[in-house]
Every structure is written in structure tokens, then in C-alpha cells.
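The structures come next, written out as C-alpha cells.
Below, chain A partners chain B and then partners chain C, in two separate complexes.
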Partner chain A sequence: MLLQQQRKRSRIVKMADSGVTDGNEKKGDIERAKNEGKELTKEEKQRLRKEKKQQKKSKEKKDDKAIQESGKETKGDSSAVSAPQPSTQSTAQKVPAPVSVPAPEAPTPAEKPPKSKAELKAERRARQEAERASKQSKKGDPGPQGAVSKSKAATNELQPVKRLPEHIQVDNPDVLKKLAKKLERQQIPLRLDYGYKVSLFSHLHQYSRKAPLTQQLSIPSTVIHPAIVRLGLQYSQGIVAGSNARSIALLHAFKQVIRDYTTPPNEELSRDLVNRLKPYISFLNQCRPLSASMGNAIKYVKKEISNIPSQCKEEEAKRKLLFCIEWYIKEKIILAAKAIAESSIEKISDGDVILIYGCSSLVNHILCEALEKNRKFRVIVVDSRPRLEGREALRRLVQRGISCTYVLISAVSYILPEVSKVFLGAHALLANGYVMSRVGTSQIALVAKAFNVPVLVCCETYKFCERVQTDSFVSNELDDPDDLIVTRNGQTHLEHWQQEPPLGLLNLVYDVTPPDFVDLVITELGMIPCTSVPVVLRVKNVDQ
Partner chain B sequence: MRLPPLSYRDSRSSWTKNTGTDTMELQAVLMAAGGGSRMTDLTYNTPKPMLPVGNKPLMWYPLNLLERVGFEEVIVITTKEVQKMMSTDSKMKRDIKMKMEVVCVPEDGDMGTADALRHIQQKIKTDILVVSCDLITDVALHEVVDLFRAHNATLAMLMSKAHEFTETVPGQKGKKRTAEQRDFVGVDESGKRLLFMANEADLEDGLSVRKSIIRKHPRMHIKTGLVDAHLYCLKKAVVDFLTENKSISSIRGELVPYLVRKQFSKTTNSQKVKEDLEDQTQKKNDCSTNHELLISSRDEPLLQLAQERSCWNDHRGDMSEAYHGGKLRCYVHIMEQGLCYRVNTLAAYIEANRQAPKLFEEPPVHPSAIISERCQVGSDSIIGERCQIAEKTSIKRSTIGISSNVKEKVKVTNSIVMHSVTIEEGCNIQGSVICSNAIIGRGADLKYCLVGNGQRIEPEAPCASLWLTQIRVSAVCVRVCVCVFVFFYVCVRACACVCVHYIDGEVREHGQNRTTRNSTAAACSHTHTHTHTRTLLTREHSHAPFVLSFHTTVAKLILSNRFLHTKTCLCGWNTALCHHLFWISTAERTNEVIVGTDQLMEI
Partner chain C sequence: MPGPDKETDLTERVEAFLSDLKRGGSGAGPLRGSAETARETTALLRKITAQARWSSAGDLMEIIRKEGRRMTAAQPSETTVGNMIRRVLKIIREEYARSRGSSEEADQQESLHKLLTSGGLSEENFRQHFAPLKANVIEAINELLTELEGTTDNISMQALEHIHSNEVIMTIGRSRTVEAFLRDAARKRKFHVIVAECAPFCQGHEMATNLSKAGIETTVIADAAIFAVMSRVNKVIIGTQTVLANGGLRAVNGTHTLALAAKHHSTPLIVCAPMFKLSPQFPNEEDTFHKFVSPHEVLPFTEGEILSKVNVHCPVFDYVPPELITLFISNIGGHAPSYIYRLMSELYHPEDHEL
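Take a look at the complex of A and B:
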């Protein structure tokens, strides 16, 4: 019985996490939750055991307290009971806040185990939340969404879902505390979140470009290698943007670090160097969340370092590592791009009208190569605010002499009838075949599908990622909301947006495109369907 | 100060220490060898770096700035004299925990800042941060350094909006403030990239901007009213370039404009060299220097690759890549708010003293000062160590230096009193600067005066007196700082008034051409016989190229100020000067016309 309850609860948590609003997606989510529920059972069992133990302890401790607080508890419980039971169909909008928290206690009021402090706290918070929500609904505000995100915080506090990465649990104070501790140990300052976050995204970091991490760093940086500091700044200011550029710059910085490295006495290079890199990586992660490609590159470098035998001389080890990094860049990025260009040129025929979105270095490369192969084609560059990277793509293509048209994403359905192919870049390819890319990509893919235009995604295999993601809410990146502010004719409308409490700015960086909308993925291994990503990943793992 | 605390500063489990390599990110260089040529009144006995500002030596401020942001070492370029004073100064020893490496440069040898850098070239291992000793600021230094880092810049510098000095400055008439020659600073749309730089003095007629800049940056904002804080981040390659190129002697005057210009000069293109054959050799030179300036990273191609892949561009509107493919980039951070003073003039010095208390959180009254209970000390005043302040005194908006002694019934407002000054009973001091070791006699009434080092102002007395000359002769230049004439004058209403007459002539002789350069002379005009007495000190800058001896200058000045009509007692004068003054006085008596080199003067 309890187990079922737990499972139910986990489902709710999942739903809250993903912040589903759409009906269709919800169904999928529920199914997923069911599947995951099965997997979670072991964990859940363990947790249950722990909880029971705790309850016993607290019983002994708080026997007298419980009597005092019993009045309060009954109140709390009654409110819990009165709240609607969480059925699987209950929508997120229905204020599940007070429900999810005290659920396990509700059906067994006879037992009434005395609650731990945290539980009580959570309960109190849930009650407040419910009150607030009711108030807001009276006002006529679309409040419940906020309530959802907050209640989720409460549930998380109660029972942390394990193995969730830190960067998607920003609203969980425990996780933040842990992060702060870790950073303190690594002597990296903690970057503070900036501004008000739009509901459903409170679990993500949101930084301000105007408050760089270097503010809290000593100026001749002693803890962090200067190359890393520079790189971090370039990431956070967007000077180095795009996952290829970021990976190359990262490896370049690593090269400098390795060059300047000498093993301290009584240490082993393979261990010490990895430890040395760790704070650097968490520094970079705070400057801007790492991209999947960078994650893979870091994994590779770490593996290469740990592969170095202990009897290897330092100079030789360093040389080996530098060579490995060079090889990685050459093999995985430069040559891969070449291979992809070669195979995708086959797909470009004379008279094609190709639509591209944003500024993908790989797609640009392909188009330039195709031009050199004397293909006759025309390009439509679709762009979107706030970064307007499309302009850069446009500049590069026009400079090469490719005839281009430039439209904003709002005009995509207008322009699509004349398009014969859509070429898209990717930030990462996920294990379930979803394509993670610049926000807006999925919209373009969707419209292209509707117009029956083939969508080709170009992606090097080093961007393949074992993660699974079905929506853009759970794991994403929030850019500086101030980027959305525009000055036109000397007027800046959103200048004081922070002073308007009902107003939130959302500057989302990525979205995911379901495999249904993608016809083909072009990799250096050849053209594959989206669904073959796990295969490639498996093969890669065997290789390494 | 107001910056967030740096908790990661002391921790040096860092890459630098462990690696044992000498590579650091930045080396700090403090330039503290300047003589303070624009405020010779103050600096002729105390070198500029050691001038007290808020009871701390001036160079304490930049050192503190560096220490606060996390520098652990600094190279101090200074003179022997300053070094000696530094070693005895307790404040410097106690407050500055950085490792200071003092490098002495010969005094008074015309050594520019770039020369100084060349001098210490051996010690420079990496990029440098050059700070001038007269900078007082609360800038968040990371802003400047981040520009340097993020854009891989060759030069990053700090500028600030110029401050209006509202305080009345002793020795300056209201209108006399000829504005300093303005700088024109051109920045791009982001306001960060430094595109253009020119000084009013260099412009002959009108401002001309090169086409190559306009082509690349069609929108350029030219700003005026900015003060260069003399804080520069420079690539190591620049120092190496300096050693190659010996003609550049000053950073601000020559190097910075050169770098700013070079951003847009044609890059190493063989075609271009062919184009104008006439100055081919010069071009070649440029090419080689350019080439030198560019060596920054060993992995240039890789960085280039990352840049190519990145979808970022610093500009839009034309077809060229980020930074227009240029490798040499200069950036500037312009402070919109906050304190930023360069203490290089008397006015700035006074202003800095007023603002200094805001910069550090120390009790304004030093605990070792002895202050009697029945006196008023304003909260905006600073009282130094071991001061003695007697009863019934009132001190407002003033700084009282270390070991000074203020006797009864003294009123000090808006003034700066340096170290070991004695102020006798009943004095009234307003808006004045009193240098170290001076003694102010009983009942003196000083308004907007500047009293030189070790001067003694007699108690109110109907007689006038003149004091002191100092002539310093060094091998290269003859520098004559002349005297403070103090002369008392009892006006109609028996109100004591002190007039401080100050003449400072600076005569420099270069080689065989006996050209007098920058003959700065200041003299007092005269006291008004009105009821409201006020001392006026004038300062005359003669920019015209006089060719005349020092004595004539003095004579001319004295005459032009018409103050010899009162009887003056000449005592304690240097023989030569006395002789000339006598000569003048004879001239006066006979009502003769004295002929200067370029003009007639009538009495």
C-alpha cells in the first residue's frame, strides 16, 4: 500500500519536474513515469526502510513533543485529507501542492507517526502555498503554476530524487548547499543566480552577464589557470559560442594547463592532474553550463590522463596528452566536419533551396564546401531573437558568394513552400533520438514536417550524449534575461523589468526536437536515422 | 573597501606554486618616480609618492588597490629618496603586506614611464598591470582586467569621467583655471573598444580621423571630459617591443597612442608594401614591429579555429570577421561612477584629501591622538597619530597630520595640515594647505594659503618679512624653487592678514641652447585694503618661449605684481637674488623703465 503511494508520489514529482502543460505530452510522461517507477522500486524500498528507521527514532525523541504538537498535526492532516486525492489524471494546474506532501500519512490517521522536523516544515510550507494559491486564484492571477514549482521544492526537500544532476535542482536548497560546499573545497567562488525566474524554470541556473565570476576572484588568478579564467569569461560573455567552438577552445585551454603543469612531489600525474582539472571544470560550469560536446571532450581527456601509466615520465606523459588532445580536435571535429560535408553534399542537388537556422558552424562549413563543388543552390537563413546569430551565418555565407535570403522565425511558414531541404545543426543528440539544439529548431522541424520538406540534422558523433530527454523543461539553460531588453529609438521598454513582479523574462537557450520530425542525421559515420543514436553510442563505448 | 571580500586570495594551493613555474597571470608595476611637476609647490620637499593624503602616503592608495584585488607582489619603480622614506614610513610597513620589489631609477634624469619599463624588462615574465602612484580610485579592477582577458587584448586601460573640483584652491584665481588640454577618446558602440585617441595639443587644426578606422567602425563615439587614470594592462609582447624600439619614452604620451593607431594600420601585407615604395623601409619596420606585437599565444591556429567556429562577432554592418581580423586590440573601461582621482595637481590633491576618508574604514581620529574634550572635531575630519589638539579648537572638514600640535582657540576649516605642524593659539586657518614642519605663529589668519615645508609664520606683527630661498642645482637641470614671501600687513580694521607670496621659477637649461622651458612662476598680487581681507595667490604659467635669465623672470614678476611699492625688508636672501632685488628696487626708486627681453615694463 505504502509502496504504491510512494510510486504515485514519484509520478507526481516527475510531472511537476517536467512541468507538463500539454495533454499529449502528459500521457507520454505518465508512461515514462510508470516505467521509471519500476526501476525506482529498489531505491524506493531502501528509502522507505530509512524513513521507517527515522520515524522510530523521532518517535522516541519527540514523544512528548508530539503530544504538544498533535493539535497542529491534526490540522495539517485534515487539510491534507480535504485536498483532492492525486489521481494520475489530476493536472498540474489543480494545485497538487498540499497533496503530494502529506500523502503517505493521510490514509492512516490511526497510526499517526510523529513527523520529523523537516516534514513538519514542508507541511507548513505546503499549507502556506495552498493558501497563497487560493488567494491568487481569487485575484484571478494565473497563480497555480508558481505554486507547482514551489510545491515541487517542498517535495524535493522531503525526499530528494537521487542522481539528479545539480544544475537542474537549483530550487532545492540542500543541493545548493552541497554545491556551495563543493565549490568552497575547490576554492571556486559561487556565482549567484540573477533575477526572477519564470515558473517551471526555477530549477535552472540563471546568471547575469554583468556579474561575472571574476568579480570574486583574485586578479592575478592563483587558484585557476589564466587560460581557464579567460575561457570562462569568453563563455559567459558569449565571445566563444556554439558547441564546436566551445569544445575547441576548451581543449586549447586544457593544452595550456597541461603544458604549465608539473607534478608535485609524492604525487602521481594521472591522479593529480585529474584533480587539478576538476575545479577548473566547475569554474567553467558556473560561467556557463557545460555543453554535451564539452562533457564528452572532458570525459575523453580525463580518461586519457588516467590511462597514463604511473611509471611514465612527466615530459613524455605531457607530450602524449597534448598529442591526444590534438588528435581529438583533428579527428572528432575537423575531420568529422569534412566527412559530414562530403556526405551531405550528395544530398544537395542543383537548384535546391536550403533553409538553415541560427549559426551552426558545421552547416556553414557544409554549404561552403558545396559551393566549392559547384552546386547551384540558394540558402534561406532563419533567425530569431535575442542573439540573432543568423546574421553571422548570413555574413559568412554571403561573403563566400552564396545567395541568401534572411527571414525571422515568425516568417518560417511563409517561406517554407519554396524550401526543398532543411539543414539543421545540433547541440547534442540524445540517446532517445531527440535532437537538442538552439531554441526554435523544433519549431522549424515541425513546420517543415507539415510542409513535407525533408529535415536533415548534421552532427558530429562526439556530440552524442547518453542522456534521455523528452522535453525542454527539465534540463535546459537559461541565458541572461537582460538580453531580451531592446532599445529602439532611444527607448528601452523592459529596462526596469525586475520591478514588475508579475513580469518574468525567459531566455531559453535550447529545445529538443522529437525524432519524428527529423528525417536523417548526417554524421561522420554516415547517414543514420535518429533512432540509431544508442547504437553509435554503444559502438563508441566499445571502441574506447 | 566596498568590493566583495576575496576569500580565495591567500589560498595558494594553486597552479603557480605547485607547478613551480614562474608563470603568473599578471605582474603589477607601480610607477612612483614622478616628480610631480604640476604641483611643485607641494613636492619640492616631499616627493610626490610620499605626499600625505588622508594621512597616508599617496602611493599607499594604488598599493592598497593592488593588494585588495589579490596581488601578492609588486614591482615599485621609484627614486632613492622615496625608497629611503618608504623604509622608514610605518604606515607602509604595517599596511602593505605585499612583497614589494623596489627598483630605483636615477633621480631627475629625464626618464619616462616607458623608459622605466625598459629598465625593468628583465623582471617582466608575463603580462603586466602598470599603475601610477598618484591614482586614488575605488574601481572594480576586474572590469579592466576582464576586458584584457576576454578579448585577448594588447592594451586595456582605465578612464574616468573628469571630476569638477569645487574647492577653492590656494594660489589660483577663480578664472585662472585654464582647462587642461582635452583628450579626445574614440570608442565603438559597445563603449569598450578604444579606437581613437588624440590630445588637443597635438591637433593643429581640427580633428582628423583616418579612413581605415571609419571604414571599419562607421559609428564611433568621440568622448571628451575623460581622465586617463594611468592604469594599463599590457601584453608582455609590448614590453619586448619597447626594448626593441628605444624611441618611445612615455607610456601615456607615446606608447598608448601608438598602439591605438596600430590597430588599424595595414597588416603584414606584401602588396601594401609595394604600393608605396617611398616609405618601404619604414613599412618594413612597421611590419617587423607589428609582428612582434602579435606573438601572444603559442596555439594561435587553434584559437583561430575556435574563433572561426564561434558564432560571435564584435560588430555588424560589414562583411569582415570578428575584430576585422585584427590581432592588436585596445580596450578601455570608462568609469561612470565612483571615485577616481589622479593626484597630480594642487586642486586634485585637495579634492583627494576630502574624499580619502570615504575610501577606508578606519576611525577618523587616530586612537593615539590626544584631543581635549572641549573642542569640536567634525566627523569629516581626520586626525593623525600622536596629534595634540588643545581646548576650544574647532576642526572641520580638515586633515591634521601625524604629530601635529594644535593649540588653544584655533579654528581649522577646509584645510590640509601635514605632519609635525605646530599651530599656535588663536589662529584661524581656512581653505589652506600647510606643509610639514611648518609653524604658524600666534593669531595668524590664513585664508586660502599655501604654506611651504618648514615655513614659519610669525605671530601677528606689523612688520613684513620675507623668507627663504632654496636653490637646487643638479647636473642636468637647474631647478630653482624660490621662496615663500610671507608678509604681514595690518589692514585698516586691525585684522591680521597674512599674505603668502610664492614664487616658483623653474629654469631648465638644456645643453647649449639656453632655452627657458616652462618657467612656472607664481606670485602673490597684493592685499586688498578692503575690510574683507583675503589673500590671493596667483600662478602664472608663461608658455611663451622666453629666452631670458632666471633673474629677469623674477624681476618681471615682482614688478608686474606691483608689490614692491610697499617697503620690504630683505633678509635671509641669497646674495645673487638680493642683488637683483636691489637692482629692481633702485629701478623703482628712479622710476626707470626696465627692459625685458621681449617687452617693456613700466612702473
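Take a look at the complex of A and C:
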């Protein structure tokens, strides 16, 4: 009995991974199809799916605990993939398409909050019935798009509570176990936490930069594309940093993956490629938690892939995807930066003293454009330990010939009386109007408010995020704590901090700025107040 | 008595002290705490009183004022020197008045009535000679020295009144007073301390290691994270370099940001400052308020290519206005910032505010 269950589990897992059943009954059909033509016809596929569903229904009735667990895992997997995916595929996998299209950005496979098995089964059954009914009524339509739009329309009104991403549940051992199992299945090594974590942040990961994930990989890695391995290493060592840079690097790596991809026989490009990308994304997530912009980019890529019509030839499909990715980069990042620069330059007048913090590619671009339009201004660059990113911004601005002043963040209340405007970059804009950005941004906004200096945040719309957050604790990133150690006058006080049990070092990466500190947000859609972010998100979703 | 020898010995001591002050302030010499400076100043003033040649209180005051001006000019940011000089001048006035037999109160209060009728204190010129004046003054200075030695203990004794268990306390940089305060409380209560490291000097690191050695759970954060963690902090306890006459502070840079963040979250800000840090200066003097050190701490010489084209500032102090402060804890108890002006009038004579 146990062996049978295990076999069934492995079969379901395989089905979940490959998206195509390997059941013995189907093999005959597939052989026939292969002999007849390159790809299965539509009717064949629908029949296959129906038969699979019948199979699974009978298995479900056995109410096996193991199946439930693996079912939960596959659900977790497919939910990450699924938001724009055709509901047909997900029902074929026995898991319902997670309903909301603007699903949680964290593309990290989400884990369902613990519910009773009976509830889960009932929910799934109900959703399957609904989708089957809708599908049958739409048999004539160009399948995937219709179903997707219907489910989208149905679910836009009521969005269920989002599942919690894994990376903020480190203190929950069940979640960790599931993550370990999933990574094992995808053959990606698990990265271990490092050092003593401050108790307030025990729910977050804390990694050491000296132990990158790639050390645990075999070379050459057969599971992960080398471009992705290189990218992961660049992320974890901080070589590629900044949300725009990370997104662009990610998209370029995906382009490389698509170029090198060949559809295996009996597979459909739209499904298989998405499944190929899943372990890559887990790997990148282990190297460094994904940013909101990266999450949105990944969602877009997956949607484009799954929208490839099945009769498309492989070469044409790949060309199309490459074109889509290039369009995304051009439109959402490069042209958006141009539009934002044009609007911002109206806000810069001659004689201004502008304060910037850290190194934001967008803000640097704006200042360089303003210089070219012959505005006279000078810049004060504020920097903070331990990242000292402001030095990079300083170099870029000085090379262009902008006159700059440089201070550390503790001197900001000394220098603020001279300042006329503050320009800040953002990592993400949350749905409740809070600005998530590099740690220290909220402090600058606070002091600027106390001195009555206007604060302008520049952010492209692809960084808008559906999450809400009110403080910097619940969701954040902990960087390597050893970065805080410094040697001064020949003394390194914190060198042996690990040996002093009550001593902890905290190296936060992000913080959230409340909307009352921010006067204006400049996006490519115009200049909006902080509180209009959910409006923009809604408009974007309707467009898509 | 070998007069000339004593005199040269005295001038040598004074010169040595002055050069120490000059070196200590630039950050290159050994960093000494304000308490040490205060004690050394007072000891030096006692020596001057004992060994210099003077016949009346006025002469002594002149000598002390002259030396005092030289000392404050050596290191203007070290205000404890000036404070001690003013304390000693007040002591001399008191002793003189006592010797004369008149009550102190009437002499020193500038009431409107006195201003109109008698033309003020300018009549008093301290020319009378009193034999026991020298001994009295030296005795009073000794009392002052004892008071100075006990300040840190007096402040730490009040720790348990202000810290309860399971609190999260935030502090910035390194203050010996606050360290003693927290260690005293840690003997009986368990709490958590977050130390902001205060770049570029990073004195917070030393503070954190000292506190963790005393068994207190400590966390070191970067300056940039002060606002981010402030929502979980129950109290902010800081030290300061000087307490100004209006109740404001001249504290290490980054303190103003800390105070603003505490005000935003309605967290009480407690300043542990002994009385010798109270100075009759106001924060209006723009050019003397700030002190700057070498900017290579901020932008090192390794960034040579851009160094010449960039202005780099490295201020040492920050002004914190009195509205952001909740409580002062000093060796004579706790006070609100609005009470500071009254304490000042007890410590210093108004005519000594300008040395």
C-alpha cells in the first residue's frame, strides 16, 4: 500500500513539474500523436486533460495524507507560476489556478496558511467545477486567453487574502522544512543563516557574504543555466545592486536562457519553459531575496511565455519572447526614466541646492539631464555606513561636472538649512502609500520635514507593489552583520562580536517612509501624491 | 618660600595643561572625558590660588580670569574648562561676601529695585584684604572637587527610578555617564539596549562591547537605521557634551536626528548630564558653535580623483533644541529643560558669563 502511495506521489510530482502526464494510459495516445504530427492537436490535449482529471479525482477520494502534502507543495509551486497562466493547465494539475491575477509579487513560491484538509479539498473541488463549466461554455474561443480573462474578471472584485511569502517566516520550522524539501526537489542547495540574529528580526534570513550559494553547487551545474549562476553570484556579492540594475540583469539572463532553450519532445514551449524557470527563480531567491521590481518583471515574462499560442513554431516563439523582454526593458525602465526626467526638470530651478541620498540610478539620470538642459544647481550627496553607496553617485556626478558636497547621514541636520529640495529614489512603492527604499531614506525625509524642505520621490510604475506595510520590521532584508565592523585608529572593537553572547549586530537594508513625509511622487504617468499608488495599480491591472 | 621656583613650576603646569587641551581637541591625542577635564581644571585652579601672589579677592579673580581666557582659547569646544573657571569665580565671590559679613543673596541678585536705587554691583570691587580668604577659598574648591568625583555615582544611583524591566533603550555614540547609568540598572533589571554607532567616529562600537561585557543584551545599528528601529524603542537615553543656557544640547552629531525620530514616535528623550556640563552659552553664535575635524574620516584620500572637486564636511556636534528633550538627569536630581536657566543662576554669577 505504501509503495503504491509513493508511486502515485512521485507521479503527481512529475506531472506537476512537467505539466504533462506520464501515465501509462496516455503513452499510447502520445505515440500516436507523435507519429501523426509534431505537436498534439487541441482536441487531443483536451482529451488528455480530461482523462487526467478523472484519474486524479479517483485518487483524491482515497484521502491520503501524503498526497495532501505533495498536493500542497505542488499547489505552492504552481501558484508562483500561475497567476497569468491558463486555468486549463492548472486544473490539469489538480490544483486550482490561484485566483487573483495581481497575486503577491514575491515570486517566491508561496505557502498556503494552514487550513484543514477537508476545507482545502472542498475549495479545490468547487473551483474545478466552476472552471470546467466555464471552459466548456467557451470551447470555440482561442482557449487560454478567454479563460484567463474570465477568471480575471471574476476575481478582480474580490481578491482573497494573499499567502505569506516564505522569506518572512524563517521562525516557523514547518515553513523551513517545506522550503528545504522543495529546494531538494529542484536540486538547489539551501543557504544557511549566519550569526546571532537580533530577536526582533528572528523571522528573517541573515546570510553571510563569505558563504555564497555557488560554493555548494557542482560545476558545471546541470540544473541551472550558467548565466543564472553568474547572476546569482553577482547578486549575493553585491556586484549588481540597485533595483533597476538587478531587474535589467535578470531580464538579460532570461533572454540568454530563452536563446539556449530547446523544447523537449512532447512538451509545449509555453508550459515547459515556465517550469524551467522555476528552479532558476528559487536559486536567485536563495542568493538574495527578490526585489519588488524583479517580481513584477518575472510575472510579466511568465505571462508572455504562457500566452504563446501552441501552434507557434519554436523559433518564432523565441523571437517573440526576446522581443517582448526587450520591449519591457525599453518601455518600463529606459523610456520611463526619460519621462520622469522631463517632469522632474520642471521642478529644478536655477540656484537650487539639491540633496540626494545613496546611489539611485534614476535620480542620477535626472540630475545629469538637468545639467544638460543648463540648469544651475549644486548637489549635496548624503551617504551612510556600511554600504557607502553615495560614493558611487558622487563619482558619477563629479565626472559630469556637477558641483557636489559630501556628508555622512549623521551630519544631515547640520547641512539641511542650506538645502532647497530633496530628491529620493525608491525600491518599491507600497499600496498604502509607504515608500520602501534604502535604509536611512525615512530619516532624511523626517529631518527634511522638520526643516520644511520639500521631499520628492522618483519611481517608475513597474516598481509599484501590492503589499502593505507600516514599519520596517515585518518584511525586510538583513545583510551580512560583519559589514558593520570597522577598524579605526588601529582598533577593531567589534571584531569578536560572535564570542560575546549578548552582543548583536544589525545591518538592515530597507526601511519604509510614511507618506506624510513625502510631498510628491514623480512617475512616468505624471506627478502623483503618495496616496494615489493603489489607483495606479488598479489602472495597470485593468489594462493588462 | 622659593617664590620664583614655585612660579615657574606653576606656569609650567599651566602650559602643559594648555597644550594637552589643544592636542586632545583635535582627536589626535588621547581622548579624555569631560569629567577628567573638569577635575584637572579645578585642581589647576586650586594650585593657582595656593601659589600665585595675590592680596585681595579682586586680584585673584583677575589672575584666574586671565588664565581662564587662555585656557578657553586653547580649545573653545571644551566648555567644561570655562564652566569650572566660572564656578571657582563664584566661589571666590561667595567667600569674599561671607568674610565681609554681608548676606550673599542681597549682593548677587540683580533685582529691579537694586538696579534703580544703588546702580548695581559695580560698586563692589573686592579690594579688601581678608587673611583667612585664601584658606576658605581652597577649602571650597576642595569641596567642589569632591562633588566632581561623585557626579557619575550620583547619576547612576537614579538609574533604577527610570528603567523598568524588558525595556528597549536606545543610545548613540559613547558616553561614560550613560554607560555607568545603564550598568547600574542592569544589576537589578533585564533590558535591551540598541546603540547607534555614530559614524564616522564609531564610538558606539566601544560602548556596545562595554555594555555587553556587563551582561546587557546589546545591538549595534548603523546611523541610517535610527528611524527604522525607533518604533520599538521605549526610551532614548543619551549623554551630551554641553548643556546650553536655554536647555538645548550640544551633543555628538546624529543626536538631532535621534531626537526628531523620538519626538515623532513620542518616545521620551532623557539626557544624563552632570552639572559641570552646564554652560552659560547660547546657541546663537554660529561661528563658534560647530567644530569640524579632518574630512578624511568621511571621504578618505583613496578617493583621490574626486577629492579636489568635492566639498566634504565632518562636523562633530549637533544642536538639539530644548523642545525635543523630556528630562535632564544630573547629580542633583532630575529637571525639565525649562528649569535649566534657574540652575545656571545658582551655579554662576551673571558677571562671569563673559570671561
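Going forward, the second predicted complex is superposed on the first by the 379 of 544 C-alpha atoms of A that agree within 3 Å, B and C clash if a C-alpha of one lies under 4 Å from a C-alpha of the other, contacts with A are read in each partner's own complex, and residues count from 1 in each chain.
Simple rule for what comes next: contacts are C-beta pairs under 8 Å (C-beta built on N, C-alpha and C of every residue); 3 or more make two chains touch, one makes a residue touch a chain.
Values in this document were obtained by computation on a predicted structure and should not be read as measured data.
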Worksheet item: Is A:M527 touching the first partner chain B, the second partner chain C, both, or neither of them?
Response: neither
Worksheet item: Is A:L537 contacted by the first partner chain B, the second partner chain C, both or neither?
Response: neither
Worksheet item: In the superposed arrangement, which partner chain does A:R391 touch: chain B (first), chain C (second), both, or neither?
Response: both
Discussion item. Is A:Q234 touching anything from chain B or chain C once the two structures are fitted on A? First, second, both or neither.
Written reply: first
Discussion item. After the superposition on A, what does A:L508 contact: first (chain B), second (chain C), both or neither?
Written reply: second
Worksheet item: Which partner does A:L322 reach: the first (chain B), the second (chain C), both, or neither?
Response: neither
Worksheet item: Which partner does A:V274 contact after superposing on A: first (chain B), second (chain C), both, neither?
Response: neither
Worksheet item: Is A:A211 in contact with chain B, with chain C, with both, or with neither (first, second, both, neither)?
Response: neither
Worksheet entry | Contact residues of chain A, present in both the chain B and the chain C interface | 391, 395, 398
Discussion item. Touching residues of chain B toward chain A in the complex: what are they?
Written reply: 4, 6-9, 11-21, 23-28, 69-72, 129, 140-142, 145-146, 149-152, 299, 302-303, 305-313, 316, 319
Worksheet entry | chain C-facing residues of chain A, complex | 198, 200, 384-386, 391, 394-395, 398, 403-415, 438-440, 442-443, 446-447, 450, 471-473, 484, 486, 488, 493-494, 497, 500-508, 511-512
Worksheet item: For the complex, which residues does chain A have touching chain B?
Response: 187-189, 212, 214-226, 229-230, 233-234, 237-242, 244-246, 248-249, 251-252, 255-257, 260-262, 264, 276, 329, 334, 358-359, 361, 387, 389, 391-393, 395, 398-399
Worksheet item: Which bits of chain C are touching chain A when the two form their complex?
Response: 197-202, 205-206, 208-209, 212-213, 215-229, 231-232, 253-254, 256-257, 260-261, 264, 290, 298-299, 303, 305-306, 309-315, 318-319
